[in-house]
Amino acid sequence: MAELVTIERSDRIASVILNRPERLNALTFAMWQEIGTIFSRLETDEGLRCIILRGAGGKAFAPGADISEFAERRSNSALARDYGHVMHRAMTAIDDSRHPTVAAIEGVCVGGGIELAMLCDIRICGEGSRFGVPINRIGVTMAYPEIGALIARVGRQVALEILLEGRVFGAAEAKEKGLVSRIVPDGKVLDEAYETANRIAAGAPLVNRWHKKFARRLMDPKPLSPAELDEPYQTFDTDDFREGYQAFLAKRTPEFKGK
Amino acid sequence: MAELVTIERSDRIASVILNRPERLNALTFAMWQEIGTIFSRLETDEGLRCIILRGAGGKAFAPGADISEFAERRSNSALARDYGHVMHRAMTAIDDSRHPTVAAIEGVCVGGGIELAMLCDIRICGEGSRFGVPINRIGVTMAYPEIGALIARVGRQVALEILLEGRVFGAAEAKEKGLVSRIVPDGKVLDEAYETANRIAAGAPLVNRWHKKFARRLMDPKPLSPAELDEPYQTFDTDDFREGYQAFLAKRTPEFKGK
Amino acid sequence: MAELVTIERSDRIASVILNRPERLNALTFAMWQEIGTIFSRLETDEGLRCIILRGAGGKAFAPGADISEFAERRSNSALARDYGHVMHRAMTAIDDSRHPTVAAIEGVCVGGGIELAMLCDIRICGEGSRFGVPINRIGVTMAYPEIGALIARVGRQVALEILLEGRVFGAAEAKEKGLVSRIVPDGKVLDEAYETANRIAAGAPLVNRWHKKFARRLMDPKPLSPAELDEPYQTFDTDDFREGYQAFLAKRTPEFKGK
């Protein structure tokens, strides 16, 4: 039996692939478990510069939850809560990743697929991609961690329009709504995602991780301590700053070491 | 004398209509009172699935406050505060409504008209609609509940651009700024609003109300309690979830009861 | 030696000009000091209605920090912190200004140039303007006040895309991302900026200052006191309200005095 979520690791980039193409990568309980485990494991990978999240098969990112599993896994509130906890552990692992993340969205990206994609720092889709969260048609709500993640990205007004109307819409509207960062021709999504990952990987990795950390910290309204306010200046004591600065003056490409 | 705000109720949809077409629905003290009363009354309507807010006459949503009333109602700070309290009671009644709300914006939508429209979950306008808040031209400020509602929807930068520049602008710019959700040809605003309301009404009503509740709760930075975090899973114990799930498997249209 | 930051003052509008055109207005320590001093001084200017911030020479707003200065000013964390404090004092002086601010962006607006421009209430650029923050290529992070200001304007997702990818992009994308308010043909940036400043100056200055104050206050999640909630109604006791109201009824242009 094929693994439901696979991982490919190149020199500096890891690809996490939803691997159920015969079902358009419809998300199961086991897949949410596996996504959480994989993203947690990647946290300790020091050489990693970027993670790409995508679906196998080229036809879909993910169409949402596999509804055939609901009888077993979500048929009442207690089961649904257990399912939710596993789903939210995976979401938190992506959201809290210190590594930059890119969602490569080929084809359909609906329901839980949107939840997954939205957690990535950059989201690239194809012209023919389709989006929506029509869960009010099956009587299902988003739990707080899901609607909170959506609102944090697109605002309350857009989140409610998507949830209340339950409409499925195209790539241009997804971009207008802030769901995706950019649109490329179908067939070019992976190219653009890997070019983006390479642009990210060309930057100093400590800087990228600090920027993600600072941006996450600023979501918390608690005032910053003096020690926190000073942390960003540490970059000026790193080998990578000296390398970047020298390379800039010499008009050459820097070789960052993450130190 | 015609009522200043009228209500039409169909099977699942209520239309609240600003009804002063001879003055383009310019908003009076009595109209703000009536809006607050109507939206408060609609809260207890269990069969209601969606509220449409619109102007009578097809030429305007609302051009803002009726300035001829200022001598009597807003000629000093004490009077203006009393007026403000009635206005903000109406705004709160719309903002806190558990029912999904759609603004159908035909023609001009300026000043207090924007305030009203922005409180609706989805805002649909015509290609020829005009927007703006030129109140600095008459020496009037927005009170905190008004500017807060605007910033919550479009952000501080867009809100300040609108207020400081006082410019009146068209539908395309209103969409770019996040003031409206979508633009349709001028004679099609009501059609699109009612189609949208029907799409909303096709979803499970408890789910729609929960989503509005959760989105509103998340505007408060106070941490969620365990009981609050568990509330969304209650949907899996509802009749409507079982109906939605069975209808999905049977590929038929669900019949939700709101239970 | 020419002044590094100059100021032009007309009847109601002040222009603050980054004046190092031979280096495309690359920002130095001395310029950050001067910007802070100038904006602090303008706070007490009662007759002022609007500040325009722009670059000299017509080719650039600012390409970011002058990197040749790093050896002296930012070669380790202690020096970088001192530099940061001066930079952030200037940023705070712009951000907290009670006067409306307009950034006129001709040509390149990169790194610290974006930081400066984003602090202005309205940002106007030319079709050929270029934007980006490629600081991860030299191993430098944004400090908290900088990334906080960016996130406050464009949201976490757009801020991270800009910082992680380090890509330089054009005016249309800058507008999509919320970095600029509007785009005009390249030779028309100053015209549009001064027309905008004149539109702002046509409004009651107390109202504009109040709106800026209220919008800033609402960034703080602390609940508003009753006295704060009442402050906006003071406008109805001003001479400018009476003038604005009378001018509206008489269909003439109001003459506001700021009283």
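Annotations for the structure displayed:
For reference, chains read A, B and C in written order, and residue numbers begin at 1 within each chain.
Convention: a contact is a pair of C-beta atoms (placed from the backbone, for glycine too) under 8 Å apart; a residue touches a chain by one contact, two chains touch by 3 or more.
Not measured: the values here are computed from a predicted model.
Relative orientation of chain B and chain C, expressed as the C-alpha superposition rotation angle, is 120° to the nearest 5. Here chain A and chain C face each other with different sets of residues for the most part; under half of the interface numbers are shared between them. Computed centre separation for the pair chain A/chain C is 32 angstrom, with centres defined by C-alpha atoms. In chain C, 221 are the positions where the chain touches two or more neighbouring chains simultaneously.
For chain B in complex with chain A, the residues that touch the partner chain are 100, 121-122, 152-153, 175, 178, 181, 196, 199-200, 202-204, 206-208, 210-212, 214-215, 217-219, 221, 224, 228-230, 232-238, 240-245, 247-249, 254, 256.
Only residues 67, 70, 74-81, 84, 134-144, 147-148, 151, 155-157, 159-161, 163-167, 176, 221 of chain B touch chain C when the two sit together in their complex.
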